[in-house]
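Chain naming follows the written order as A, B, C and D, and within any one chain the residues start at number 1.
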Amino acid sequence: MKFSFKNDYSEGCHPNILQALLQSNLDQQAGYGEDEFSLKAKELIKEKINNKDSEVYLVSGGTQANLIVISSILRPYQCVISASTGHILNNETGAIEATGHKILNIETEDGKLRASDIVPVLENHQNVPHQVMPKLVYISNSTELGTIYKKEELKSLSAFCKENNLLLFMDGARLGHGLTSEISDLTLEETAQLTDIFYLGGTKNGALIGEAIIINNPDLQQDFAFNIKQKGALLAKGRLLGIQFLELMKNDLYFDLAKHANQQAMKIKNALKERGVQFLSDTYTNQIFPILSNDLIQVLSEKFEFYVWKKIDDNSSAVRLITSWNTGDEAVDGFIEIFKANS
Amino acid sequence: MKFSFKNDYSEGCHPNILQALLQSNLDQQAGYGEDEFSLKAKELIKEKINNKDSEVYLVSGGTQANLIVISSILRPYQCVISASTGHILNNETGAIEATGHKILNIETEDGKLRASDIVPVLENHQNVPHQVMPKLVYISNSTELGTIYKKEELKSLSAFCKENNLLLFMDGARLGHGLTSEISDLTLEETAQLTDIFYLGGTKNGALIGEAIIINNPDLQQDFAFNIKQKGALLAKGRLLGIQFLELMKNDLYFDLAKHANQQAMKIKNALKERGVQFLSDTYTNQIFPILSNDLIQVLSEKFEFYVWKKIDDNSSAVRLITSWNTGDEAVDGFIEIFKANS
Amino acid sequence: MKFSFKNDYSEGCHPNILQALLQSNLDQQAGYGEDEFSLKAKELIKEKINNKDSEVYLVSGGTQANLIVISSILRPYQCVISASTGHILNNETGAIEATGHKILNIETEDGKLRASDIVPVLENHQNVPHQVMPKLVYISNSTELGTIYKKEELKSLSAFCKENNLLLFMDGARLGHGLTSEISDLTLEETAQLTDIFYLGGTKNGALIGEAIIINNPDLQQDFAFNIKQKGALLAKGRLLGIQFLELMKNDLYFDLAKHANQQAMKIKNALKERGVQFLSDTYTNQIFPILSNDLIQVLSEKFEFYVWKKIDDNSSAVRLITSWNTGDEAVDGFIEIFKANS
Amino acid sequence: MKFSFKNDYSEGCHPNILQALLQSNLDQQAGYGEDEFSLKAKELIKEKINNKDSEVYLVSGGTQANLIVISSILRPYQCVISASTGHILNNETGAIEATGHKILNIETEDGKLRASDIVPVLENHQNVPHQVMPKLVYISNSTELGTIYKKEELKSLSAFCKENNLLLFMDGARLGHGLTSEISDLTLEETAQLTDIFYLGGTKNGALIGEAIIINNPDLQQDFAFNIKQKGALLAKGRLLGIQFLELMKNDLYFDLAKHANQQAMKIKNALKERGVQFLSDTYTNQIFPILSNDLIQVLSEKFEFYVWKKIDDNSSAVRLITSWNTGDEAVDGFIEIFKANS
């Protein structure tokens, strides 16, 4: 059996979660998110962002979170702005458009949006009422390319949005990885202060399913639960989500897991860099994109699974390696060893 | 702590499921339903319906299943027909309409649809193109009122649909309970033969989440997976669904659990009937609607939770009692005892 | 050629409109409703409702007006309430649902809604967030059955809506006929005061196309033009709509035309009543529903076209007769004559 | 009063149309497109494309036509491909996305799509079911930049679509101009043979409103009328559309009007070219984009209205001039004269 570096959702969940499921299994609980675990998990999250006026909702996955958030905010003629690498643009089968909203695409190198990227889009959408109205800015942290927002970058983008009557939404499917990156200077609390709405991803960080949507802007809180139910995202046994987030939030397990994933990726990155390997982008989270010779890729493929991401030239390609909360030293060291033996 | 007869999703899941989750937890599996458990579960379901040409998809919940199925089938101007008690009509926050489709409402006493109910709807929708085109018939088994379809009823409805170019979709959120009712003469295999598409509900029968959508009509199979992804229902860790259905299908655990729930309800029903209690409707599944004096309701409420369903007169009301795969004898006997002591 | 009483849109338009089109035809005008005729027509309408803070938009037809208004107002989980005879429910091919919104149906005898009809709907939609949220009340004046709202009725309904945080929308496809009915005590100005939004129908009252949407509630005015463009309703040559409403509003031609139509219908009604004919409903606008013997219907059908509306018994049926702004005395007198000669 | 070269919908309609409206005005006609004029117009169009199996529907405007056609064809997860200049992408307020469908954007220089543009889009959309499925190719002729498709280009694109299971839809808002361009070798009949569906624009070529949707692919014909009604586009007085297309089709008035518009634009183009003026794109229809000095633009603006389209450098800009079916020699010669006097 080859070890897979293809993604961070290949394994089940952190053992604490299964223990908690076992322990509470036969308790009777209220349905639809009114169970005691969900209520506690939400309280704990609000403590961690230090804002008791935020509202928290737990849903199953990232596409679901994205489509519920975006369709709940926008009026029919309003649209969302995304970097060209945005998950909502490329990897969600038109889920956002299916709710009636256009996504305006901004080409970027590193998967991040800056005010200067957005200004021309606003300028090109002045032909009222013949064009959609840009209203919501969608960003991811860490991004789909593994890059992250530094504190000043997010502050600046947040201020720009406020000045321009735009709302800011952060896709946090890998927020744990973003915040625990060795180069991150942003905290969870600041993330909540600087966004109108964001989510904390569980699926890619040790949960079976689950993303916690956190609504900081009071204007966006009204009646939000209706949207969750209407989109088929309100689990009868909401306890499944509540128990998971309760365990992940306890003692900051969530951040420990993400940090571990990042560290394992950095270990590989550093070993490769030492031998002069180039990378497609300079990342400090759990995704790395080394450029390797096709021969080496061939050899590594015998023991490991990973995506060949992009052809560079006739002899070499960039591959994508993703580590998870559960990626052990054996896999990492084994990869490095084979790399060293063959380069 | 009061024991709750409010619904069949108050507890977690059958212990076999948790054991299977534990056992496989750290295995690496392919994502998005391509894991070995999902593949096996689908095979097992196809064996049980004895049709290897059906296709099976696993999703999280009933509203999600309903909206994906209906929106995937209908053209924009086509609509669905439902009994007035239909879950899609009353309890899904307009989830179907949110995908663009009208639901035509047929008043029925017992939650079931018959050809004779549908004929007038077809007759009243002949003003082309000024009216929606009826195309899909939505039924539930067991229904929202706990009643079931007998084999001849389903055969007759199925034939009527074919003759009238209508498709037949069965909401099987409680299909286990329907098929294992003491008065049912319908099998799972026949259910598959007589419907174009249906689902097998896990959430209300011992799973944490999960409904298995089974597409029998080949015309409805094409590209179905796109709809699941677009509606945010494709779990990255599809193994969570696969493992659950694999356990439930093994040795017919699914049917044993439903049968148990039915039997516990029938035990209460019979005890009440013996003492002359009337029922709002004559059900043989895990939902019963006894009419009790308000005084008795008051006394029972001290130990048990349940919904007061409908005021009958100034002195009495119908209540709804639902039993589950995990409702024990203690709760049932305790209820009967208090009933007897106070009636 | 038989004369048709089938509807009020069989003829072209009032000659003044064609004259105005001819006169201005080769002038260059701004597009998309910024032409001078549209601007003047809007001003004139605002004068007539005596509210310069209302906003006016001109669109082509009733279904278009209905779907734009409703989808612009409601959040995704909110729904509209309509009498069971409502045009949006039965005769618009699911246009409202196609924008994502459910219509709650209230059975009524006379096509009108009263507070007492709506109270039970509100009471039955308290299961948050499992049900749609009623938000908008849709009424028609005159109704699809030819009946009208008296001033006190509209006042009372309007007050009820305000108290219950509901918005009130009047479909005025036949508002001219409603307001000029011999039993109406309601004015256009009061109509504007008592509704959040309504429209003034041109198509059924002497225009080729055109409905004037009038938004009285400032909260509903924001960005409304975007909705018109998005739904494909913003005509490049908006002058076509402007010129028509300008002509119709000048010297109250609009009301004269409607009054004429009403009077012609009343003339027939009174002639029939004198001879003891019963009517399906007691109307005072341009729609009447006399119950006639099938033999008489047969004879009348040789010279006139009309709809046989409803079978009453084996020997008689109700027919629907509609008169228009252009129904002449010859047709009316001819109909009465044949009636008298055969009854 | 300045003469406007801003667009081709500044004037009313061709006088023949007004005469025909006058002549038939008081005739009673069937509603909703069943009038004799609409029926005849449709027959005439089918004769002109030489295909009696095509179906023709008349609607009011281009955005309306686009959204009805696209939403009627695509399944929820399918999308449309458009050149980056496509009207549906930039100028319709998200009308297509509002029906649930994504538009994939292809950057092109000249507003035209070629097979080689589409191949990479297909290659990048293979990640089933995580991405939308490309299904419909949207092109315009003439394009939004005034360019046209030559016969071989359309043949080649059409063949490519067939090979790749794609459907081809031509926006013909300015099809008259495209087909009568002095460099066009494409006929209306060939246009119908090479597309699955297209429309013949009236609004920009001498009608008050009106686009004739022509469905050549029988698979796309089924139930099409429902879509028109549902989107609010079925005019009660369909005669208004029928009369216009009947007049435009008679004796090829439609093509004469377009040819006139083209010729007037070419007259200006040639006069400017003679003096060495450069153009933003090389067009042969009724839109031209000369690059002029800002000083000259200033002078011309005193007598004429037109859009300054694009800044070229600090001293010059491209302007857009559009001529219409009614642009007279006086305006054209006047423009050229001022140009010559100042360059």
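A few remarks follow.
As a working rule, contacts are C-beta pairs under 8 Å (C-beta built on N, C-alpha and C of every residue); 3 or more make two chains touch, one makes a residue touch a chain.
As the structure is a prediction and not an experimental result, all values here were calculated from the model.
Ranked by how far their CA centres sit from the centre of chain A, the chains are topped by C. The chain pair A-D and the chain pair A-B differ in C-beta contact count, and the higher one is A-B.
Taking each chain's centre as the mean of its C-alpha atoms, chain A lies 34 Å from chain B. Centre-to-centre separation of chain A and chain D, using mean CA positions: 43 Å.
Looking at chain A, one finds that residues 76-77, 92-94, 98-100, 129-130, 226, 229-230, 234 touch two or more other chains. Taken in their complex, chain C has these residues touching chain A: 32, 71-72, 75-77, 99-100, 128-130, 133, 223, 225-230, 234.
Touching chain D in their complex are the following residues of chain A: 76-77, 79, 90-94, 97-103, 105, 127, 129-132. Across the interface of their complex, chain C is touched by residues 1, 3-4, 7, 9-13, 15, 18, 21-22, 24-31, 60-68, 92-95, 98, 203-204, 208-209, 226, 229-237, 239-240, 326 of chain D.
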